[in-house]
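The same chain A turns up in both complexes below, where it pairs with chain B and then with chain C.
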Partner chain A sequence: MLVQILNGLVYGGMLYVLSVGLVLIFGLRRVVNFAHGGLFMLGAYVGYAAYGIGGFWAAIVASIVVLGIFGIVLDRLVFRALQKQEPMVTVLVTFGLLMVLEDFVQSVWGKDLLTFTTPPSLSGTVAIGAVSFPVYRLVVIAAAVIVVGGLSAWLKLSRAGLYVRASSVDPVTTAMQGVDTEHLSALVVGVGAALAGLSGVIAAPLLALSPSMGSTILIESFIVVVTGGLGSFTGAFVAAMVIGQLHNLGVVFVPNIASMVPLILMVGVLIWRPAGLLGAKA
Partner chain B sequence: MPTRRQVLFACAATVALGLSGVASAADKAPLLIGVPTALTGPYGDLGEQVRRAVNFAVDEANESGGVDGRKVQVSFLDTQAKAELARQQGEKLSLGGYKILTGSIASGEALAIGPMLERWDAMFVATINKADDITGKSCNSRLFRANHPDYSDAVTVAPWLAARKEVKWAVMGSDTAWGRNSGASFAKAAAASGKTVVTDNYASLGSNDFAPYIQKITDSGAQGLWVALAGRDAINFATQAKQFGLLDKVTTASVSFVTDNTVKTLGENSKGIYGIINYSSTLDTPENKAFDAKWEKKYPGTVPANFEGEAYIGMQLIFQAVQKAESVNPADVSKAMEGTTFHTLYGQSLMRKEDHQLVVPNFFGVVGALNGQLRPLITNTVPAEQATPTPDGSCKM
Partner chain C sequence: MPAATVNRPMPRKRLSAFPFVLIAIAVFGCILPTAVNSPLLLTLLTSATINGILATAVGLLIRHSGLVSFGHAAFFGAAAYVMVLALERTGISVETVIIAAIVLPTICAFGLAFVMLRVSGVAFSMLTLAVAQACYELVMRWRELANGEDGLAVKLPNRVFGLAVGVFQRPDSMFLICWIILMIVLLGLWFLGRSHFGTLTLAIQDNEERARFIGYETTVPRAIIFALSAAVAATAGVLFSLYNGFVTPDTLHWTLSGDALIMAIIGGARSVWGPALGAVVFFFIRDAAGGYTEHWPALIGITLILVTVAMPTGLSGAFALVRTRFGGARNG
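Moving on, here comes the complex of A and B:
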């Protein structure tokens, strides 16, 4: 059972790193970014390309940097231009962007499935009690902890973080106080995209790389964001951890409906608290 | 030395003959083939293999003057391996005139398309879909299968399974009609040889995380593992199972897993995995050798993979049936397909009249090195009649 709980932490951690980027972007830009799955996928492929040149750590750095810059460009050219449009317009545009990213990756790397080898220094297993557990999965948990800690510190201790939190609650009033929300948004979308890239490269040694890999995980990250409460960083963390555990325990105890368990949770939470677990407090 | 008049006559005759040929081809309606297949999603790489093989067959046919003097045209629509979408795309293709359908991946797709064929005035030739029901209780006069059903795979794995010393087995399948069918067939074969399935697990299509299933299998104490996963799911599972050390601890056998593409993607992680090989480019038939050579010419540096071979066989059947029917009307082509013996990559193969199942041999093997490259290697061939047992009577046309 301990291993299943650890597996839940791995899955929840991976979902959190991806979903928190969505939360950041929604908080500042009020954009439900359907292209986020595409950013995750692009991060994995950029990491794949960089891995061949400089190894695993170079892959992580390359994904963060490339996706971070891509996020800033995305904010300048797309999100900013769409900020006065109806929400449905941004949904359609970002969905289109997801397809463009998939086609781009397909034309560069092809449609064949690719694998990203676990770096030798992080491969193998460690004994936890009587069972063995892959070292790389512990690395995923560690990465999620670093993101949680780093993001919390940035949001709570820095001036930019203060502005981000304020803008997430009320962007108009925040702007009236003299905060340059346009520059802040570019920064936040850049950070959100970089986190999507990071989650892509971290997930790559666990998953087969394919152009449509972002679409499958996007639904799960939306479940996390909606369950946690749109715009709530803490809510996303709580929801990701709960869904990670339910995903694993569901397979053990209710295998026939395991894939429905996260959806049942989301529906239950939305009936109980329509704004999500911690949506109102965001 | 021919005279000037003779040369002019010869030229005129050649032009006239050529024009008559063009006129004849132009007179006949083209053969329109619709391919509702998974171009994206978890089976996207399988759909890509179908696309390559179908395009290969169409180009080959057109370069040799068409089929029954008709130009062959093909249209692909993405189904994402979803049954409902496959039904919609099948209808769209049929309404657009592409009434001879083939190439879907998931069994659910074929089972969704099958009942609609009469209404669409279409026909469907399954080439990847494995669920027994397709040529069993869901069979119909417009539905055919060129590939191996699950029960054929069960017959093929049985001798190998009986000889194994592992008694406790686990099943890891896809939560689809095919995955569950394959798991049930394996459990039946295991029981017949005195083995037990101690845990069966079915993950939804497109699963990202197989860790809880891997742990369940480890905890079950299984000594052997039967895997019925394909495409991205197969790679995700194998990658994660290798990280947990599961593939090193248990004997692994599989279906739709030991394929050229999966082996190429997994590399060393796939070495020693046993499995059903429904088609292999190493098949020793003159038809297959010719196919291999042509394939290498069109796609240099590659060999036709499992699903490419199967999709191509489906196209061979369609072309030969159109030739026989001298028509592209799906009702006529269906009629021409029933009970006919076709020239396929396996040699001469009968399309059984009773259930519309092509009677073909099946193969079992293991991933090993061939010319320094890891490949699925055939170790046991089950002859066609044995690999495709007599229909059980569940198909009522």
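Moving on, here comes the complex of A and C:
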């Protein structure tokens, strides 16, 4: 049972790192990045390429840096250029971008599944009570804890974090107070994309790499973001943890209908609270 | 974005040429199989017409509720799977199964609408994608239910609605059937746009609060539009399974939803006929792309980006613009 809960934490942690990027971007730009799953996938592949050159830690650094830069470019070329349009325009453009990214990765690395081996220093298992648990999975949990801690500290303690929080409540008023939301947004989209890259690379040893790996997890991160309440950081955290557990229990106990379990939770939450667990007005 | 902005065409009071033009196009389509003796072209047109019906469903939702669905394959695939499973597992007659395959997804959509319509536009789009993909995962994983990735052959009897089953599987005759159904759907939706109910949904889309203020219940009409849209998508799913004779989880995959949405955007969802036109254009581009089909997703992704940014009203919008500019101020 302990192993199940830990596995749930692993998946929930990955989902959180991915989903919080969506929340960050939504906070600043009021749009949902449908290409986010593509960034996750790209992060995994960039990591895969860097792993061959410099090992596991190089893979992590490379995908954070590459995806961070990609995010800044994305903000400049897409989110900023389209900010005067309906939010749906940006959604459609990022959706188109998702297709382009999948095709790009497929052209470079091929369609076949690739395996990203667990680094030797982190493979093996550790005994927790009576059961043994893979070390690497604990590393994933640790990475998620670091992201949770680091992000909360940044949002709560730094000035930029204050601006980000203000902006996710009301971007227009925040800009009127003299905050340069344009610069802030580039930073935030960069951070969001870097987190997507990070979650992709840490998930890579657990999943097989395929160009469509992003669209699968994107769906569950959407459920997390909507269940938690669009734009709510705490909501995304709570929802990711709950859905991580449910996903895992679903796969173990009701494998046939596992994909429906998070959806049922979401339907329940939306009936109870239309704006999501911790969402403000929908 | 054609969703909810300026210049929404209001229902016109005076007699419109639309039904007559539609009948002319319908007749043109009906003589096409006899005039064109190319099975290849007819196969292409049949697929385009079936997908055109699906795209019309997506367009209907955009036009009457401003909501953009990224998951209409859910209803298309659900209908196809109801067909295949009911024919295999039960002894119900094929005619009843076809009706059930359209009615069941419609009822599900109506129920689901009351939950999904609680969230705002962008979140709604996310949920449509999530619901459809959950259905896809369901049929992929639950092998005992639907044989997973390998799919199932549709066990059709010899006669369907009194016609030999081959009629539904030959491109020339099936094209006629699909074409006529598409025309009936378009005519029906055109009447819907002019009806009191259609006008009410436009009003709700414009300003829901105000519509409520003047005494209208606003959730049920939006749920009805969602259900109608699902019914049209399910019709396409039924035609697909009749024509193809084989159903795989691809009928539920997000790429199909995405294709349908892209067809609707390319054609322009602001007019009734735009999405269907978009489907035909989509299939001809794909056919012309021929050797580049390996990069088809990127090609279509770039097309989507360009059309969304540069031509937000799609082909039908561009056509209306040309007509107002050169053909007098006829409201297109």
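We take it that the second predicted complex is superposed on the first by the 273 of 282 C-alpha atoms of A that agree within 3 Å, B and C clash if a C-alpha of one lies under 4 Å from a C-alpha of the other, contacts with A are read in each partner's own complex, and residues count from 1 in each chain.
Rule of thumb we're sticking to: contacts are C-beta pairs under 8 Å (C-beta built on N, C-alpha and C of every residue); 3 or more make two chains touch, one makes a residue touch a chain.
Not measured: the values here are computed from a predicted model.
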Open item on the list: Let's test your reading of the overlay: on chain A, do chain B and chain C clash or fit side by side?
Closed with: clash
- [ ] Determine, under the contact definition given at the top, whether A:102 touches first (chain B), second (chain C), both, or neither.
- [x] both
Open item on the list: Just to be sure I read the superposition right, which of the two partners does A:56 touch: chain B = first, chain C = second, or both, or neither?
Closed with: neither
Open item on the list: For A:45, using the defined touch cut-off, is the partner it touches chain B, chain C, both, or neither? Pick first, second, both or neither.
Closed with: neither
Open item on the list: Looking at A:31, would you say it contacts chain B, chain C, both, or neither? Reply first, second, both or neither.
Closed with: second
- [ ] Scan A:217 for contacts with chain B and chain C and give back first, second, both or neither.
- [x] first
Task: Contacts of A:255 with chain B and chain C, given as first, second, both or neither - done: both
Open item on the list: Considering only the listed stretches 9-17, 225-233 or 243-251 of chain C, which one runs into chain B in the superposition?
Closed with: 243-251
- [ ] Across the two complexes, find the residues of chain A that touch chain B and also touch chain C.
- [x] 102, 215-216, 220, 255, 258-259
Task: Complex interface listing, chain A residues touching chain B - done: 3-4, 7, 10-11, 102, 111-115, 118, 123, 125, 131-134, 136-137, 203, 205-208, 210-213, 215-217, 220, 247-252, 255, 258-259
Open item on the list: Quick check on the complex: what are the chain C residues that touch chain A?
Closed with: 1, 3-5, 68, 70, 115-116, 118-123, 125-127, 129-131, 133-138, 141-142, 144-145, 254, 258, 261, 265, 295-298, 300-305, 308-309, 312
Open item on the list: For a test of understanding, state which residues of chain A touch chain C in their complex under the given definition.
Closed with: 31-32, 34, 82, 85-89, 91-93, 95-100, 102-104, 107, 215-216, 219-220, 222-223, 225-226, 230, 255-260, 262-263, 266-267, 270-271, 274-276, 282
TODO: Can you check the complex and tell me which residues of chain B touch chain A?
DONE: 40-42, 44-45, 48, 175, 201-204, 206-209, 211-213, 215-216, 218, 231-232, 235-236, 239-240, 243-245, 261, 264-267
